[in-house]
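Two complexes, one shared chain (chain A), two partners (chain B, chain C).
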Partner chain A sequence: MSEKATGTLSGYDTPECETLAEIVKRSLRTSDSIGIDRCIQCGACTASCPAARFTDYNPREIVKRVMENDCSVIGDETIWNCFYCYTCHLRCPRNNSPSQVVQVLRQLSINEGTGLDKIDMLFEYGIIFAEIGVSKLPPLFFEQMETDFDEHWLEFKENLDEVRSELGLGPIGIRDNGRGEIRAILEGTGFFERVGRLEQTATTETDSKQSFRRDGK
Partner chain B sequence: MNQSNEQVGVFICHCGGNISDTVDIKSLKQAINTSNTIVFDHEYLCSNLGQNLIKKNIARCSLKKVVIGACTPAKHEKLFKKCVDDAGLNPAMLEVANIREQCSWAHSDDIDAVTQKAISLVRGKVRRVQNAKPLEPIQIPINPSALVIGGGIAGIDAALNLANNGVHTYLVERNATIGGNSAKIGKIFSPEKLEEECAMCSLSPLMNEVGLHPNITLMSCSEVENVSGSAGNFKVRVRKKARYVNDNCMACGRCSNVCPVFVENDFNCGVKDKKAISLSFAQAVPQIYSIDSEKCINLTGGTCSRCQDVCKVGAIDFDQKDEIVELNVGTIIAATGFDEFDASRKPQYGYGLFANVVTQMELARIFGVNGPTEGKLACPSNLSKPQRIVMIQCVGSRDEKPTGNRYCSRYCCMAALKHASLVKKKYPDVEVTICYIDMRAFGLYENYYRAAQDLGVSFVRGRPAEVIEKPDKSLVVKVEDTLTQKVREIPADLVVLSVAMEASTGTRQIAQTLNVTLGEDGFIKEKHSKLKPVDTSRDGIFVCGTAQSPKDITDTIAQSGLAAARTCAFISGGSITLDPEIARVDLSLCDGCGECLKCPFDAISMNDHGNVAINPLVCNGCGYCTVLCDQKAISIAGYTEEQIHAEIEGVLEKGDLLAFLSRNIAYATADNIGSSAATYPANTKIIRVPTTTIVTQSMIEQAFGAGARAVLMVEEPTDDPIGESVYSLALDNFQKLKEELGDPGGRIHFKKAYIPNYRGLASTLTTLSQEEVGE
Partner chain C sequence: MKTIEHIPDQGILLFKTCMVTNEYPGIESSSTYAFDRLGVDYFVSDEQSCCTGLGFYFDLFDQLSTTAIAARNFAIAKKKGYPNITAMCSTCYAINKKACSLLNGNEEVRTKINSIFRQAGLDDLVYEQNSLDEVDNFYHVVEIFLSKAKRIGALNTIDLSGVRVAAHHACHYYKIHYDDVIGNPENPQLIDTIARSCGADVVEWYEDRTLTCGAGFSQRHINRETSLKVTHAKLESLKNAGVDLVLHMCPNCQIQYDRYQPVIEKEFGTKYDLVHMHISQFVALALGANPDKVCGFRTHSVPLDDFLNRLK
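And then the complex of A and B:
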């Protein structure tokens, strides 16, 4: 499958290009010298990848499909398995970076609406950040954290300010005027419109579970 | 002006319209035609027809001197010099007026102004050539001996080829023995046989031949420190390092037996199985022991003389000192070889961390009967026989990370196949897996690859991610088999890394000493990858083997033979012809004041008779000495004061800008203005000089006397080999001239040339040629 990527693949940080490889090269998320065209399919990325060890994610194959301009890779569920450890980036002998390639693919997927269900649980992070000016774990994940780190985790979290003051440290949050500044930056950069738009799309997309949207096709 | 009345033939080239479209050839011919000139023109003077016209008319009109009005002399001057030479004239009897790059192409003025400039340029050359004297070419005999640097297989083969062709050859080797890396590898692969051959069986006789050859002077423990002179006549300074054992040594080995100090053995990749006094290996040439001065008890201030006590021939000499030896040779071959890539730069493979991760070279030593295990296949951790061996290809090769090399090292696929075959033949039960990206068994080696497959070697296509060591010191290699798309964890008892070949530190050092260019990968760059594969950027210096690029022994020998052949061809030329336009001294005028000895290139000296002598090999004719000489006893042949005065008289008209341009970079920059279609006014007249140091007060006075608007001097930049020494002297000369002349109205100028910045020069010329003349 090799469809022209123009039009369908335009949008946020995905410059309009003829091919997926071009989009990857011109994206802000990838290094200027990214060696995607120079990939020799040696598999050093896949052999190094912890996600590939436990799931069907195969960074070498993902890169191959991008090089072949196979647009179905955008809808491939496995691209969401990478967790950005960057070992592939470190070891690639051609200075390619599957971890950066995957970031661009995810953005394309979000632009098409298909990736939204993968990130809607992350919206909460942005909203909390906008409110208090620092990144904080949303309550949604507390249960999982307790499972992973034992019940002490919640205890520690609830008494964090006390623990910090015993250690001679101040409160972790940001003072009110600081919050205002952060909010102003987020407003200035269009953060709230973007989150609002994504949330809205997420709702409609979930209704009409389209796997792919192809303008004019 | 002292002018002769000999006939000058003037030949004007149309250059197919490049000149004739902007210069009125008819007016030019009329203006030049006088009682002692005959003028001709042709569509293309550089063509055979054009040159025949020149030759024919030299004969028919008995021309004694020739002026050509055509493109820049940088382009065809040599061709035209040969042309007049063929016609029986001395090449110095020819002058080229640059009426294309510095005239028809460089001005946007009307045709009359451009034609007028062409007339003055040609007239200047006619005046100049009327003052020319014949110059005999300088022939210097080539020293018929050669120097080969590096005693590996490349240097050995080159030296033997030269010596067998009757060339006396010095072979300089840094280590105590010749043999290099080839001596270590035990077995070698060969393209036509599927058997592995014994490396030492081929190498040892060659090494002995080097040691005994009457035409070879072998200098081991020696390093080249300095090289001066030029092609045909190099002077080389060699440091012969103290080995603390003299030539009496019979290599009996008693000393080594009694020596109490064990040291790391380079030959066995650093295993501590060697004594502080030792022979590198049994077949070493020369067969002379040497002492490791950093480890020897006596040489590090302790008390021990056991070796001296047992030596029956008095060969041990703790007082031996480094010696400096001067060699004179005509040519040099660099055969300084490679270093193995340091595999610890790829920590994911565990080299240096895990005992059972080794390189192919170390495996070769393990296989060597003279190696650390005496040829028995064994894991370094416990000396047990490995059951499973995994080889990893392209370690440090085909790798764009800063710790790697971009190139393919070319030998490693075959080295891995060779060692895999050796293991399988000797121990068929041992599993051998080669992890590769692409197997490169080029040419006839494909047979060998197939034979290795028949022996049951496994191949996995994938670059391994990492090697992990288990508590029992066995290893696991993590790799994706990209053909089955499965990530595998291959257990191994021994992991062998096929590491890259890198340019050796010796190669990088010698490139600097010899002043030859390195490629971006650190190897010595050949002049042309196909047509001149063993010539370097410097005449008379050649390169072969892995100093030039990664390669196997077969390719190395092919190249060392070629380097020897090129060296022989160079030497058999007998002599080299040097540019005659260098400094000449008139001893009848010289008063021996010695001022000229300030030559920045050390080309001038006083000879045994107390006379000034100029070394034609070193002098580049910069002309600095001419301003130092009060007696006017030194001049630059072809650029005498009379000639330059005559040219000024010929070219200059009232209101002109007169520019003196040094003959290399500065003059080429002015040519660039024309060939890049930039412009400056036609009242700019350029005179080519060796460097602006030869410009004198009387030249500038002559210019202003004839109504020049301004005078400009443009000098070579300091990154040019001549400019490096001359630029500051030229600037001093300019400042001195300005003071002497009182610089009427700020009309004397100085500028540094820079080829890419031809626009800068064009704008300077434009400004100065339009400047108001202050009275």
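And then the complex of A and C:
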């Protein structure tokens, strides 16, 4: 039997443990063999990291703070700069993976509420995916792309079905024999329950921020 | 360790990808065109869903849900008799491999997911341990093309002499499951070998060859400035190496280069004489596919007309 964790849905990615290093090791998001205890602080990760090259993010230091059980690392804004490119994961001579460590830290930050503003625009993504079985970017991202890209792109997006059919491709959505399989599976794992809870917290936080501003404090 | 002799050309489930479906559908039609021409036995399923990789790396999806969705797709592949799950996207490839590894190696996860299937009346989706192998059943289209590089070269219809080509091997193919990369993960040569077999002038080591495309999933949206700085650095190094064509193996990278190149030109006040395409589009083109009706180049943001005219 694996040592990886159980319980509620969050229990799989962020199991309740005594230390941050234990949470990282037992999280389903990380490799079973993750070498966080073997880290020798050589800095190969930071030397290879695109986020370290362009921002204040420092994977070597992030791992050090996890090893020292410094929980302030969960609220450190720089953890949101990682590209998930896994260059550190490839280069680490001790089979550690700062990229996976940061994934767990971000989940902890989301659970605590401090990281919610990084994903609150995504809540719709799961609902669309459950309906059509295909990932689509949520409206806020789409708006940014509309601003960035030219009319040619927008025209293509508007005629996507036609373009696909000219290429001999079928409809975008999947066929699931009328069983609503994707929705049923995500209900079974507790995905919607978790996202619903996060959404509620995000709304409450936004409300309290707004009333904070209204009070002029 | 995966070697080139391992690469199958039978029982291939061409795994559909959200960013191909929605952004570059020509990558899918190019893949099937090339597979038909090369005699690859494949199947495309209208039941198969996305891998959830986008949601997973946006930090929204959890590993259990992602694994359960993967198990459903694995059931479809097995039921149809096409168990060699082959991706056009590096993230689909990595997500599926990891899900298979968890389903085989973690009894608790397997039991949990199977009980979810049974409770929902989806008993036909139940995953049996080791019914797929995380190495032997998971591929990327570039590996299939690599195994047929000589044949592609022999059938090549375009004159690539003097065309400077560079590869961007996608991070999620060679940096996540680095033990299963064909060749050296510190210097993957898959795309280079295919391009060379078609007579292209391949630029091996441009300065930022191993740098990420800069998309970084949420980075493109929550840290847009940094994301574009990375892509700008990469484009500069390609420009300095005199590259004409960049070959990709991931639609997310292709969005980052093809869609954002004009944005970067505007915001950084520069100009690039570079075009982008996926390895499937390149192979299809080499095998004589129509650039519009098969390769779907009209959906690109950087026009390829001048480049294609040069090849004639």
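Here, the second predicted complex is superposed on the first by the 183 of 217 C-alpha atoms of A that agree within 3 Å, B and C clash if a C-alpha of one lies under 4 Å from a C-alpha of the other, contacts with A are read in each partner's own complex, and residues count from 1 in each chain.
Note that in this section a contact is a pair of C-beta atoms (placed from the backbone, for glycine too) under 8 Å apart; a residue touches a chain by one contact, two chains touch by 3 or more.
Keep in mind that what you see is a predicted model, and the values were worked out from it rather than measured.
Counted by residues of chain A touched, the larger count belongs to C, out of chain B and chain C.
Contact with chain C, but none with chain B, is seen for A:Lys136 once the two complexes are overlaid on the shared chain. Once chain A of one complex is fitted onto chain A of the other, the partner contacts of A:Glu61 are limited to chain B, with no touch recorded for chain C. Contacts of A:Gly35 after superposition on the shared chain: chain B is touched, whereas chain C is not.
Contacts of A:Ile185 after superposition on the shared chain: chain C is touched, whereas chain B is not.
Legend: residue contacts after superposition of the two complexes on their common chain; A:Cys71 is shown touching neither chain B nor chain C. In the superposition on chain A, A:Ile23 makes contact with neither chain B nor chain C. Judged by the touch definition given at the top, the superposed model places A:Gly126 against chain C, while chain B stays out of reach.
Shared interface residues of chain A, touching chain B in one complex and chain C in the other, are 53, 87. Looking at the complex, you find that chain C touches chain A at residues 18, 21-22, 25-26, 28-29, 32, 46-50, 52-55, 57-65, 67-69, 72, 102, 105-109, 112-113, 116-117, 119-122, 125, 171-172, 174-176, 178, 185-186, 210-212, 214-219, 221-224, 226, 229-230, 259-260, 262-263, 293-294, 296, 298-299, 301. If you check the complex, the residues on chain A that touch chain B are 35, 38, 40-44, 46-48, 52-53, 58, 60-61, 87, 91, 93-95. Residue ranges on chain A touching chain C, taken from their complex, read 1-2, 4, 6, 9-10, 12-13, 27-29, 32, 50-51, 53-55, 80-87, 89-90, 103, 106-107, 110, 115, 118-119, 121-123, 125-126, 129, 133-136, 140-141, 144-145, 148-150, 152-153, 156, 160, 163-164, 166-172, 174-177, 179, 181-182, 184-189, 191, 194-195.
Every residue of chain B that touches chain A in the complex is listed here, in rising order: 348, 394, 398-401, 404, 437-438, 461-466, 478-482, 485, 487.
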